[in-house]
Structure formats: structure tokens, C-alpha cells
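Labels run A, B, C, D, E and F following the written order; every chain starts at residue 1.
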Amino acid sequence: MSDEVTAEILTTHILDLAGQGKRLDGRGTDDYRKVSIEPGFVVTADGSALVRIGDTAVLAGIKLEPGKPFADTPNAGVLTTNAELIPLSSPTFEPGPPQPGAIEVSRVVDRAIRAAETIDLTRLCVTPGEKSWVCYVDIHVLDHGGNLIDAALLAGVAALTHATVPAKRFEVGDADYPLEVLHTPVECTFVRLGEAIVVDPTFDEERACQGRLTVATDETGRIVAMQKGLVGAFSPDDVKSTVERAFQHGDRMRAMIRGGAG
Amino acid sequence: MGSVGAKDVPVLLSPEGLRIDGRRVNELRPIKITAGALKHADGSAFVEWGANKVMAAVYGPREVHPRHLQQNTKAVIQCKYNMAAFSVDERKRPGLDRRSQEISKVIAEAFDSVVFAEEFPRTSIDIYIEVLQANAGTRCAGLVAASVALADAGIPMADLLPAVAVGKAGGAIILDLKKEEDNFGEADLPMALVPQSGRLVLLQMEGHMTREELATALDLGVQGCRGIYEVMKQALRDRYAVAPAEASA
Amino acid sequence: MSDEVTAEILTTHILDLAGQGKRLDGRGTDDYRKVSIEPGFVVTADGSALVRIGDTAVLAGIKLEPGKPFADTPNAGVLTTNAELIPLSSPTFEPGPPQPGAIEVSRVVDRAIRAAETIDLTRLCVTPGEKSWVCYVDIHVLDHGGNLIDAALLAGVAALTHATVPAKRFEVGDADYPLEVLHTPVECTFVRLGEAIVVDPTFDEERACQGRLTVATDETGRIVAMQKGLVGAFSPDDVKSTVERAFQHGDRMRAMIRGGAG
Amino acid sequence: MGSVGAKDVPVLLSPEGLRIDGRRVNELRPIKITAGALKHADGSAFVEWGANKVMAAVYGPREVHPRHLQQNTKAVIQCKYNMAAFSVDERKRPGLDRRSQEISKVIAEAFDSVVFAEEFPRTSIDIYIEVLQANAGTRCAGLVAASVALADAGIPMADLLPAVAVGKAGGAIILDLKKEEDNFGEADLPMALVPQSGRLVLLQMEGHMTREELATALDLGVQGCRGIYEVMKQALRDRYAVAPAEASA
Amino acid sequence: MGSVGAKDVPVLLSPEGLRIDGRRVNELRPIKITAGALKHADGSAFVEWGANKVMAAVYGPREVHPRHLQQNTKAVIQCKYNMAAFSVDERKRPGLDRRSQEISKVIAEAFDSVVFAEEFPRTSIDIYIEVLQANAGTRCAGLVAASVALADAGIPMADLLPAVAVGKAGGAIILDLKKEEDNFGEADLPMALVPQSGRLVLLQMEGHMTREELATALDLGVQGCRGIYEVMKQALRDRYAVAPAEASA
Amino acid sequence: MSDEVTAEILTTHILDLAGQGKRLDGRGTDDYRKVSIEPGFVVTADGSALVRIGDTAVLAGIKLEPGKPFADTPNAGVLTTNAELIPLSSPTFEPGPPQPGAIEVSRVVDRAIRAAETIDLTRLCVTPGEKSWVCYVDIHVLDHGGNLIDAALLAGVAALTHATVPAKRFEVGDADYPLEVLHTPVECTFVRLGEAIVVDPTFDEERACQGRLTVATDETGRIVAMQKGLVGAFSPDDVKSTVERAFQHGDRMRAMIRGGAG
């Protein structure tokens, strides 16, 4: 039986279950899988975190280097987010230049970090117009069990939260110091399965779905990013109700990020 | 939204509630759509919307390139959104950047939600969007142009896809952001509507809003899309009303 | 009937007609299609022009930016010409890196602009060896109905003719000023159809032809560039006679470029 | 070995014969191997070796990509060794560099020497090695991880491939170089052994040694590989001893 | 022609009508052609022409790579012209630049005009030209080398293709420009002739000339090509006169 | 008969011969093919050499340019080795980005040059941390008859041995001067054919072999690089005995490199 046929049978089954309010792994429509956050996983990074959501595993590493501010923002540091969907993590990824899916993850994560003002970029300026810190957020997906966007942002924000500015190493200051984090954005992704809208989709649910919607919130009650993806549609009311759910899951995960700091 | 550490921030909303170009918060910029603007594409449209100029062309259903993307049960919808080097103030280096690739992806997915792709298995429907002059809202202008181009090419679809960006600038929720509002405002929220179902097939947000503001923005956007929808339908009526030979002067 | 078969029948028909001194669209061998030039089409460019030759449409945009002169020409600005044969314009173009055809158009247009001394590059030098203007001529083919080289140069030269140096915007001077144009090169392309040599080929005539020859002239009576392309051959006498025809068409189009300025 | 013109060179061997981290010349760094560390790969292993952290995954036998590499009489063994941007002190730009491509080639050839590739004609066995944290010896750690991952994937092989680098630093021949010994030492010699035949399927050398030193180094390396071999076998025993559902916590 | 804003311009023509290297205006540089210079190519030639050294190799007719370029009714002629990094005064970065791609295109088209490609449908004839030492006129030297290499490979052709550049320097129309004449002269006009038909299959011009000058230049070029033609034929006679085993010393 | 079948028959034949201590071209197991070195082949290079080993031909060219030292070696010049396995040289090479085989040649040659301290990089420093010479060793394979690594290093070292530092041309000094060469590394490659280990393999022997081993030696009795390549294995004793043979061949070729200088 070909992969395509298997996938189609699985899709039908997932949609049938969703019609009855059920999911393949027994979760309810608003149940998130088990989340774990392990900060400091990589000592060569200036900050890092390994995040697991169910059988999805994502590693984020932070590197800070002195560089030049952009001409139009002379008083700010530079933030660069890059997600790699390496072929190690899934039978569906292939080597080569970043695919649209990887680029979408990078950009959605980048927007959430940036819009939430997670870090104060003006604090990363050393000499206006001349020298500023460049902060790289590199995200490696290790095990792709679905819902990469949520895992990637969680890993990125947790890594930033526990990062150090290597001022001494680069002779920019006398001592290294912790990177200051102002806000804690968390993304929460939903997929439509028939008329059900379920949170934290698995790989198979993403393949079966009729639309994916991601909402990023922060701890001050702001929505800081949204992204509808994949084939399918959501009504404005769908959007409003997922936003409420995103705040609830977001608050829970924000506590974990801070807790992980201990 | 790229205003962190920027130099000069303009006043985006006057005390009288007027915007930088004199519009009210719920007002669209002028829009003009020409269906069939090109001779060699299977379908095409040119959209002038505020200070945006966007051309779209559609080819297909045709052979799939590269071959390995071919699907046995449906047409694959491919989109390439591109900005001309001279379309923006600071020259853009030619070639695909990450922003263009993301926009191409979400536009292709939006159309994949309404095109009857199962009617053309093992083929490709190729959408090309070229932004010739940009002033915020180019992905929406591109989507509108592509939608009319698809109709011009005779591709069967559930509906046209009007699109518009709403956002927040100067503290207010506003419709159809122009460049300064996009650069210095608080939020940008592009969306594309299926008018008959009332559902959104494209929705992105960058910036920050409360949930109440978001609710207002969504309503304002839907209303804006319905306005665009009328202009799109009229452009197609105008196209069919003239002889093909004259249609693309 | 496959595309290939259609193309072959059309080729035979075009060659038969040419043997009788006729062309598919009714033109004589030395008739150019209708030409229109619309300068200032793109306001974000420092200069621009939309050119139509029959159903061929080409848009050129100029951008000027401060940069560094080349080490071997410290007293001159830099001119860069780039033609994009984007897949929007023809069913025969595919996405990807520039194909040899696009590179040929870029280079032939670049050579004509440069050899005719269309703009005085030494006037684009700000500080010798340190700072000079970089002038980008970006050419987008929008609708490919044949004879791209002529349309591309026409658009490029018209765009330069109506361009402004953004000195104020880049804080290089107090005010923007018009880019000075010294000469007006115009390219004129011919194809061999059997023993006939016809001007301004359509897409189908280019596909049917046995050799393509482009001659660029300027208003002072100089030939400033030539390019033989595609499979086929021309005798030296063929070359000499096309040169005469190129001057006549060139003078007519030069008047249009200046007229378009009004 | 990149020490020409460098600023500070540390003392690599104490008068007592102890190395920078207190090891003796013939001592391995601590090594821990977890077989089956990933859920979605056909086989996988995670290796923590000194301050290295390396993940390997194996997929296949499966369809060959790109197609033209397919071989009619055997499986093609493909390897991609990659270092994460944050795995080293100075951030590494993402993407394949020449060093990674050379390492990928010699690792693939090493496995091609022991895998029973003729059993799977017209397929590909794909090995992915990701260095997450690097501290010298990453190609050996990657080879060890990949070897366990291949076994975890059930790929038939003549033997496991233990690997280790020997080298010369502070004038002595030493086993299993760490970063400072690699950077400031005189020679680095990574090798991979087929324990049952006693032959080497990977061998590289960079630096300089006399023939006598080389002979010593080869013997020390073989001895080191035999030590690693035991850890690899134990990791696989541990893997089979647990239920699959628990194997990758 | 790249002299705008350049530093020092040499005197290119003496009052006596002699050029920088003592040649008269209608004189060729010394040229030596070795057919069969390589062992592993199907055909090859090495050309030393003035201070140019150019190697050409031909492979085919053989399978087409990439496959999608295959033509059902004829062989596809592919050409890759490349300059070695050390072939010019200022080191050239390895890799294809736009100049090389354009030259490759016009050379392939020139040969496509004389090779009997219909005799080998669905195959490729691949021409590789490597410029090892450059001193103006490399595309002509490459064309001459490739033409002899094609004959050496036994590819049936209507004729050999002699080629030469004419130009204008110091106010005079001159044959076979060397580096200073190319860099500081007024025009460069490379051409390739089919001797039997008297027609040109390659013709480019860069610089500026009047129509009278052009007429003179074309005649001078044709005359130069006929001189090169004799050298090419002699090189092939020499090649056939020796046993294959000795031909490539 | 397909190429693949021919290759397999040839492989069997080569292995049979090897079992009898014979080789296809009549050489003994430790016979090297005829070697010739022609320095100064390319006058545009700052140093060059054309090397032939049997019907393998490799050309190396040196270019020196002022540049910037690396941050971690402020007192040293920069050495860059690049080998191009251009499709001109063999029916088996294809155009495109460098293949793993070409990269391996580049890197093995580079390691030998570097580890042997062939040139004293600190002598290439002009101003510490600011300016130093960048020395490019570019290697073009012209005719691929096997054993490219040995030929490439031989060409590279011979080119360096006869190279000139263009100090005057780049206005770094008053006069050009010879590049000083401290050591002369030579690589010697062996392949396993059954239980025989033969030196200087031909193209067909490389294709037939069960393992390739390269050993680089210098004139002071040091081994400066090794590389096992291709599918196959060597025992530690195999390695030790090839090292002895590599020194003998290396000493002979070192004399040729110096002799070529005359």
C-alpha cells in the first residue's frame, strides 16, 4: 500500500474522529500535548533550550556577535531568526536550500519575537550607527511530530530568556551579563478538522487538516502575531475564539519558561 | 513595524481623525483593475491601488515544473510573488528573498482553497505576481490581481478572492494602510476573504493589538474586502464587454 | 497536435511567406511595429519608462545609490544593467537563475549604453577613488512578443533620459538634479528568413529564423554595438546593409525618446 | 592545527604527563550513547562525548534522491554531516561548507565498506549527522552515532564502526583530543576501525609526525576504538532491553 | 573598452603605423595549434596565440545532461567557456560569470550553424573551452581551438570555423587586438567565418565605429580568418600524420 | 555493451592481474608512471607549473593579492587552495558546483601544504591584524588519467617553489621578490587491489580498487598528511608499509621539483 493511500485513509479516519469530538491520540480538542523545556542544553551557545511537545523536539541556540546596525535603525541591535528543518528530523524533509515551510516557521517566529519586543533592541546598540550586537536565534528541528511553529518559538524565547551577552569575550565590556528579556510571546496553533478546531496538531493532523491558524500572545494581553497557513479557511468568529484559547495556553507556557529558569 | 530605533516618526492620525493622506479610518485608497492586461499570458490583470502598481499573470493548467511536484488527483497551484528592484525606495536586490517566498506560499495556499483543482489532475496552475511600484499592501494587491487573472484565464473557482490589509496606527484601527502607516504603525493585518462563505483564506498579523481591537479590525477588513470585491467583478465585466483584440491596450 | 509540431508548421509558413516578400502580420520586410514610450511609469524609481513594440512590453527602472568606484576607474561612477526575463511575460520562461537569453539581453543593452557614452560616468564620481554613484538599469520584460533587445535598450535609454540623481535624499548634495544624457543609442534587430532579412522580428519569426543580427547606432553616426545571435549566418554585405537600415530606424526612435520627454 | 600566527598557546602536557583536563595520554573522555533517541527516524542515536553532543538519524533503505544517483546492484549510502550554527564558539554560518562536504564523503565511504548494500539495490540509505555542540573529534563522534543509528534502523552490516582521533600535542602521542589539543597540538589523526577485521575504513591525518610516532598513534587509536566499541554495543543492548515506547524519552 | 576614468593610456599606434608590439595594422600575432592535445577527451586542441593559451575539449555525441535539453530531431550543442583564476592579471574568482555565459552561448550558436547536428538526434555534443592564459581575443582563440577539437573528435561539419577579432585603436582599424589595444582602443569586433560560404556565424561589436570603418574592419577580419584557416587545416594534417599514441606529447 | 558492463569486466581483469603481481600497463606494484614538471607555464600567474604523471595532466597557478589576515591569526598571511575538476578533463566530470571529489582533492592538497609549512605564512604578513598577502593556489585538472591528488600537490608545490611575490605591482614594496619555500611536501597515493597495494593508480585502477590511501611526506622525514578514501579498508600494518614507500617516492619527486627550478 503506497504512502499516499495510507495517508488518505488516515486523513479520513482523523476527520471522522473529529466529527465525534475525538482525536487519534485520545486528546480533547483543547488539550495540548506534554511540554518540556530544557534550557542551557548547548554550552557553546550564548543561550539555548531544548523543547519537546509530545514527540516533537526542537533545539534553539542564541549567538551574539558585535556587528553594524542597519542604516535606518542606527540606535538598535540586529535580530536574526533562522529555522532549519533539517532532514534528520523527518522522512519528509530533503537536503537543500530552505523550503517554503522552513522559511514560514522562521518568519512567523521572528515576527512574534520582534512584535512582542521580547528583547529591547536599543539595549543591543553599542555605538549608534557604528556598532551593535547582532543576535542570532538559530532553531533546529530535531524530531518532527507536528506543530513546529509553537515548539520553535517556545525554544527561541526560552533560549533568549536564559541567554548571556558575551561582552567580555568580544572586548565590548568588562563582564558578560544576562540578556534582558522584556516580554514573553507564546504561539498557539490550531487546525481545522471538519468543523472542529483543535489545538496543538500532530504531524498527521496537519496533513489531514483544512486550514491552520497560529496566534501569538504575550503576558500583557496583546496579540503579537498571527498566521493562517495551509489550504483551508476560518471565519472571523473562528479567529476570535481561537484567540481566547491561545491566551489560556500561552499563560500556562509562559509560567513554564520562567520556571525553567530556576 | 520596523520602527525600533528609527529616526523620524510622522503623525499618523490628526486630532480630527484624518489620516496622513486625508482618508478616514474606514476608507480605501483608490483602486483600478484592468483584466487581460497582457497578451501572452493565459490570464492577466494589472492593479493600481493607491501608489501600488502590480501585474499578475496566470499560465495553465499546464505541465508541472519541476516534475516531482506533480499530483495525481489535482492540479498543483504554484505562486511566485516578486518585487522589481526599482519598486521600492531603497533598491531591492533582484532574486527571491525570504519575505517573497513566504508571501508566495500563503497566496498559493489561499487560491488552493478556492480553485477547483481536482478538475485538472497532473497539471500546474502557475501564478506570477510582479510588484512594479510598492506602497504597502502589495501582497493584497497581488492577490486581487492574481484572482482576476485566474478568472481571466478561465480557471474554475468557488469565488473571487478580495483582499485588504487592516491595521493599527496612531492608536486607531484603520483600513488599507499606506507606506507610512505600515512603517510606523502598531499593527498590520492582511487578509483575503471568500465573500460567499464569509471565511478568510489568508490572514497574517504583525505588530500588536488587544483582542477587542482585533475584533474591530476583522470586521473592518471584511467590510473592506466586500468593497474590493465589487471593483473586481466590474473589471471582469469590462473585460468581457470588449473584443479580445482591444482588451489589453 | 503538440506544440513542437505547431511550431514547425508555423516556421515553414513564415519562411514560405518570406520567400514572397511577405510577413505573417502583413508588414513589409523593413516595417517596424508600432512603438510607444511612456516615461515616468514607476514613481519609486529615479527614472523609468514603459516601452511597447507591438505586443511586446518592457519596463525599465533606474536607481542611483552612492557606492565605491572600481579600483581601476577611480574617477568614474558605476553602471550596472540587469534584464530579467520573468516567467510572467511568456509561456516559455521558467523561474530560476537568469538563463543565457536573459544574460545576453542584459549584456548587449549594457554594451550599447556604455559604448555610446549615454551618460558621462565621470560625472557620477563624487570623491575620486572613494565615493561615486552606482547607476542601476533594471529591465523587466512584461509581455514577450519578440525583439526584446530593441525594446529593452529603448526602455533603458528612455528611463535614463528622464532620470533624476537623488543627491538630496542621500545627503550627497543640496538638491536632486536631472541625470545628464550625452548620447542616445538605439538598437535595431533583424532576422534572416531564407534570403530575406526582416526588421523587428516577432516571437514566431525569431523561432523560425536562421540568424539574428542586432546593430546599435547613435545620433552622431556611430555604430556602438553589434550582436549576431541564434543559429545562422550573415555575409559581410548583409551586415553592411542592415547597418544602413539600423540608422534609419534608430533616428526615428531617437526622436520618440526625446519627444516622450515633453 | 591552525596555530600559525596565533596569539596564546596553552601548555598541553604537564611535567607529570597530565593533559589539560587531567587525563593521561591514553585516556578517553567520558562517552554516553543513547540509541533510538528520535521518534521519526528509522534509526537514531545521540552521543555525548566529552563536550561534544552529536545526533545521528538514519532513513532507508528508501527511494533514491536525487534519482540519477540510483545504482542497479546496490544501495547508495549517502551521508550529510552538518554543524549547528551555535555548536562552536564563533557562530558558524548555516549551510554546507567544504569541510562538512569532505567529512560527509569519508564517512559515507567508511559505511559503504561495511554495510551489506547489495541487499537493497536501487535504494538509498541516508545518514544525517548533526553536531549540536562541538569540542574536537566531531567526525568520530558522528561516525559512532551514525553506526549505532544504522544498527537501530536494522541495516545489516559486517560490524559496528568505532572511531576515535589520536594525535600529537605537547610532544606526546595522545588519545581522543579535546579542543585545545586539536587547535594547538602538532597532529590530529581521526580513524574508524572494523573491530572484527582489525582494518581501518576511515583514516585522515593533518599535522606532522615521524614514522615512529605514527606507528604508536595507530596502535593507540586501535586500542581506543576497541574501548568505544564496548560502549556502542552496550548502548544497543540497552535499547533492545526497553520497550520501544520508552526508548526515546 | 573599459577606459572611462582610467589612469594611464598607452600610445597604441606609432607615427610609422606600428603597433605596441611592432605589428602592422593587418598583421596577426603568431599562432600555434596542437590538435589532439588531451588523451581523455573525444577530441581536443591547444592553441597558443600571441600571449593566449587556450585548451578545448569535445565530448560526444553522448547522452544529454541535463536530460530536459534533449531534442528529438538533432544533437544539442553545448558549450562552456571558462577562464582559469590565474589566466588574467587580477585573479578571477572561479565560477561562471555573465561574460562567460554570454560567450558560451554565442560560441555554441556558431557551431550549431555548421555542425550536422541532425545526424545525431537525442544526443549532446559538449564543447569545453578553458582559457589558461589570456591576452585579448580569448573567445576567438577558444572558437578556433574548439573547431579543431570538433574535427579531431570526428564530428561532421560543413566547415571549420576560423575566428579573429578586428578593432579600432589609435584611430586605425587593426587586426587581432592584443590586451592594451583591447583595453584602451576604440572598438573590438570578434568574428567567426565559414570560409566556404563567406558568411559570419559569430559577430559582436563593442566600442564605436563609423559605417566606413566597419566596412574596412569586416574585410580585414575576413582576410584574417582566412589566414587562421590555413593554420587550422595544417594542425589537423599534422595530427593525422602522426600515430595516435604520439599525438599528444 | 554498456559502459557499466565494460567497467565491471575491466575491474575483474585488473584484480586478476593484481593477484599475479601484475598491472594492466605492465608496471610493477611499486612503479610510478613517468613524471614531468614544467614550471612557468602560465605567465599571468605569479607562479605556475604543468605536471604530467603518465597521461594525467594538472596545471597549478599561484596568485598573490594584498588582503586582511584572519582575526585569530593576525600575524599570518592567508593560504587558499582550490582544485577544479573541470569537465574538459574527463568524460566522468560534469559542469556545476564542485563535487565532493574535487573538494577532497582541494582539502588534502591544502592540508599537506599547510602542515608541511611549505611557505612561512608569517612572512606573508604586511601589517599585523591589518594587511597580509593572500596566496591562492588554483589547481586545474586538464587530463584525468588517475591519481589526481599526487599530481595536484606536485603542481601546487612546484608552482609555489617558482613563485614571485608581486610587491611592486601592488605597491607594497619596491620590487617583486621570490616567494620563500621552507619545505617540500609530496603526496604518494596507493590503492588496494585484492591483497596487493599498488602505487600511483590509473583511472581504471581507482575505479577497480578496494580502498585508496594517500600519504604526504616532507624532506625532513615527517609525515604531514594522510587520507584514506573510497570504499575499502587498510590494516595498521598496511599503513606503516605504505608510509615507507611514500618516503622513497617522495624523495625522488622532491629532487625533480628542485631540478625543475633550473
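Everything that follows uses one rule, which is that contacts are C-beta pairs under 8 Å (C-beta built on N, C-alpha and C of every residue); 3 or more make two chains touch, one makes a residue touch a chain.
Quick caveat: nothing in here was measured; it's all calculated off a predicted structure.
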Via touching chains, subunit B connects to subunit D in a minimum step count of 2
So which pair out of B-C, A-B or D-F basically repeats E-F, with more than half the contacts the same? B-C
Longest centre-to-centre distance from subunit C, chain (CA-based): D
Intercentroid distance (Cα basis), subunit F paired with subunit A, Å: 48
Computed distance of Cα centres, subunit E from subunit A, in Å: 57
Chain-centre distance (mean CA atoms) for subunit A and subunit D, in whole Å, is 31
Of all the residues in subunit D, which ones touch at least 2 other chains? none
In subunit C, residues with contacts to at least two other chains: none
Draw the chains as dots and join the ones that touch; what shape do you get: line, ring, star, complete or other? ring
Cyclic chain order when read starting with subunit E and heading to subunit F: E, F, D, A, B, C
Show which residues of subunit D lie in contact with subunit A when the two form their complex. 38-42, 51, 53, 55-57, 59, 62, 65, 80, 82, 84-91, 94, 126, 128-130, 132-135, 248
Considering only the defined contacts, which subunit A positions touch subunit B in the complex? 4, 69, 72-76, 98, 100-101, 103-104, 106-107, 111, 114-117, 121-122, 125, 211, 213, 218, 221-236, 238-240, 243-244, 247
Sort out for me which residues of subunit A touch subunit D in the complex. 41-46, 48, 55, 57, 59, 61-63, 65, 82, 84, 86-91, 94-95, 136, 138, 140, 142-145, 203
Residue numbers on subunit B that touch subunit A, as the complex places them: 1-2, 4-7, 72, 98-99, 101-102, 104-106, 109, 112-113, 187, 189, 194, 197-211, 214-215, 218-219, 222
